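You will see chain A twice below: alongside chain B first, and alongside chain C after that.
Showing the complex of A and B:
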């Protein structure tokens, strides 16, 4: 390489400089309005499992079956403050199953046994039906199938269980495959604040 | 016969009818408790909800406090920082391996490492190829913003291309890496066909940008939709994605990196940027012999007139093996022709 820069070299160096500055400028421009992160969000007003008020309607299980992860990033979440703490929870028990000898339905609804039932508060030593029960969802087992959400809807339940996307697990794909499959178009991509 | 059948039917009906009476007798409850159980048998009596609203904490008693609703932890920013650092290190490492160390074995090791991490472990997302769409949307749509992580993923390989050529393609890109590993019997694509097919990258780039500048409701991320290899990284996918991926891999056994050379929109950008690269592949370490022994070594058709062409050179480091000057310890001519893989 000679010491003198040819015209071609000068052009090349300037093009490189312009491109670098351009990249830096683009990066800064976008970074100014960048936010921390964004993630998929289920609109509970649109999700069919949270919305329809009829017993016996089949639960849409897309949130469990469509996610590209082996265990879906969607979880059922119980809003404890609005939960009825019922002795026979229509989301915990399958209220269409036959009643067992203890008066409780014989089958539970969750196919993965992710809901845990614990008596809370003042416990009646004689009559278990007289207690309040807390229903907690074990997030390591829940796969977001929505059967419990369907069970908890009006009129059987108070509608305190909803489906939520767990954005620490969710890959935030540009094309969420659950979003594509959702029959109610309930998925939206929003910034996580 | 008929009488006996009638008698049996009546007995069964009586037994069934007595079940609700028996159960409600057993479960007579004090009226003070709102959590009344009404255990109805399956299809006889419909389930009625015992409460109309959630009980408050005093009614539950014993100092009960409503627990916090379960929330996920925010996505860890350390993972993102780590990924970006690893990307930068891999780009730097690729540049060093290809331009300074000049070793095909090291390049192959980097390829396998990046395929394992960025491909199978991180499942291919977030990738610079897809980030074109996010960055374009962020430029065009004032309501759409992307995290800094995605911006950096877009810019780092382009900046590396300005400095060192297409080192991202060298094996840092997981999609390129998987094609590198299946290239076993490369055939030479005629020059004019190669140029013609390479123009499809720009068409795909235009199509991808076109779909992404649509308003939010009709926006479609086509690069992600038609990503051939992400199905393999995730071990799951629709039939068309897996079929497309399989077809590209089968083609890739014979035609070197077909997605990279003819379809990758990010490759189009990289080839434009690497045209002005500060340092790029020169096959001989100090001067060209013009012997032409390297010209058949490149499976990607990037050696023209015995020089590496910056815009199509994918920095795979295969050509060095054929250069007699590169290994001065062995006599020229006895040099084994660089084989396709390692």
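Showing the complex of A and C:
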């Protein structure tokens, strides 16, 4: 058998290659389709809890109260890169509560105690105001009520906390009850790509 | 002495003295002229708001200072531009390391103080621009804590630097060599003498008698403290300023008039001292 390729051999190999590439692309497309190619998400620029300029209004808690799940699929997420690590965080403390003997607000804001406050770095035990603080949200406790998001919004805070849909929890209902209840049309279904 | 809102200058718009998108910094000179930096321009207004001059700056201005030769120093990202009184660019002083974002300036015949929001320090230079020392570098937090991104200070008559440290709810005093001379202030949402929210006061200026005039964000307020840090007056609040304002720069002229920037309305609110009790004017004797 000759080890030289004829013109016909080359054309056949090329045709098989093109077919394989085409099948691969179709397969990828079908894979995306099978996993769902759209999902619910929250537009922070529309959500009243995070939308700039929406001030002096009560936090909307529809994400916590309207989801069909026992614990909503929505969570508050702190973007550490934009967090100020403040001594007194208006998303953690109820800054309107009375000041205690330690100089801090006497109440916290989260009704489920889902935000943890820890001093970070080299800690000054004598002057707590001299430390930076990290605020982490326990997702097993957070129900997406949005109170902390409203507290963190500019200009009071830096807007580092936003509401997000946890897609590993979300049932992706066609007629999402949060979306139906959202007063700002901020709860949208969008393509994942 | 108490104050009242007298007038608002500039404003948002396309008029000759108005700003389209940004208004960030204000200073005043011995002639009671206002210098406003916004929209990558610098404009000069008379005390009553008439436009004297306006020109483009190389980069957006975040701070303004006037030196004894009436030159105008504009603090920008990465550089300081120095203009003649007529608006001609005389010099550009660049430093990507030391001037990451220049949000306050003070210029004396002997020294220049530059607040850099990037390092969160104030840099002290001699008149030949040799770096002498930093102020705030020995702070345990590595610098002043400025979550809102602006570091503001003023130079007192006795060469003390008065610095806003909003993350610690304090006004702090330093010698030019960086030695701390104490502080006042504490957190408090209800007590007007305290500083509310995450981080206040954001900006400050000094009055003719050394009184400390501060602005706060969320909600916006203008307050005056005496030299000892005792609250004298809450001059204005969200009834005067847009509630979304933050980092409201301010300046006080030689007669005690206070100019405050509304960063949303893009205007300069000018507050005038009310007549002192017993003072005699054309209107009669003040009560």
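Quick note on the criterion: the second predicted complex is superposed on the first by the 148 of 193 C-alpha atoms of A that agree within 3 Å, B and C clash if a C-alpha of one lies under 4 Å from a C-alpha of the other, contacts with A are read in each partner's own complex, and residues count from 1 in each chain.
The rule is short, and it goes like this: a residue touches a chain if its C-beta (ideal position, glycine included) is under 8 Å from a C-beta of that chain, and two chains touch if they have at least 3 such contacts.
Computed from a prediction, not measured in an experiment: that's the story for all the values here.
A.B. asks: Looking at the overlay, does A:181 come into contact with chain B only (first), chain C only (second), both, or neither?
C.D. replies: So A:181 meets neither chain B nor chain C here.
A.B. asks: Taking the superposition on A as described, I'd like to know which of chain B and chain C A:158 touches: first, second, both or neither.
C.D. replies: Both partners.
A.B. asks: After lining up the shared chain so the two structures overlap, which partner does A:89 touch, if you call chain B first and chain C second: first, second, both or neither?
C.D. replies: The second partner, chain C, only.
A.B. asks: Looking at the overlay, does A:104 come into contact with chain B only (first), chain C only (second), both, or neither?
C.D. replies: both
A.B. asks: Classify the contacts of A:141 with the two partner chains as first (chain B alone), second (chain C alone), both, or neither.
C.D. replies: A:141 contacts neither chain B nor chain C.
A.B. asks: One more residue to check, A:71. First (chain B), second (chain C), both or neither?
C.D. replies: neither
A.B. asks: Check the contacts made with chain A and report whether chain B or chain C touches more of its residues.
C.D. replies: Touching more of chain A: B.
A.B. asks: May I ask you to decide whether A:52 touches chain B, chain C, both, or neither, giving the answer as first, second, both or neither?
C.D. replies: It touches chain C, and chain B stays clear.
A.B. asks: Across the two complexes, what residues of chain A are contacted by chain B and by chain C?
C.D. replies: In chain A, positions 55, 84-88, 90, 95-96, 98-99, 103-105, 122, 124, 129-132, 155-158 sit in both the chain B and chain C interfaces.
A.B. asks: Would you mind writing out the residues of chain A in touch with chain B in their complex?
C.D. replies: Listed in rising order, the residues are 12, 15-16, 19-20, 23, 26-27, 29-31, 33-39, 55, 68, 70, 75, 77-88, 90, 95-99, 103-105, 120-124, 127, 129-132, 134, 136-137, 139, 155-158, 160, 166-169, 171-175, 191-192.
A.B. asks: Okay, in this complex, where on chain B does chain A touch?
C.D. replies: Answer in residue numbers: 23, 26-27, 29-30, 33, 35-43, 46-47, 49-51, 53-55, 59-62, 64, 66-70, 72-77, 123, 125, 130, 133-135, 138-139, 145-149, 151-152, 155, 158-159, 162, 220-221, 224-225, 234, 236-237, 273, 275-278.
A.B. asks: Going by the contact rule set out above, which residues of chain A touch chain C in the complex?
C.D. replies: 52-53, 55-56, 84-90, 95-96, 98-99, 103-105, 122, 124, 129-132, 154-158
A.B. asks: Residues of chain C touching chain A in their complex?
C.D. replies: 140-141, 145, 147-148, 167-169, 186-191, 194, 196-199, 217-218, 243-246
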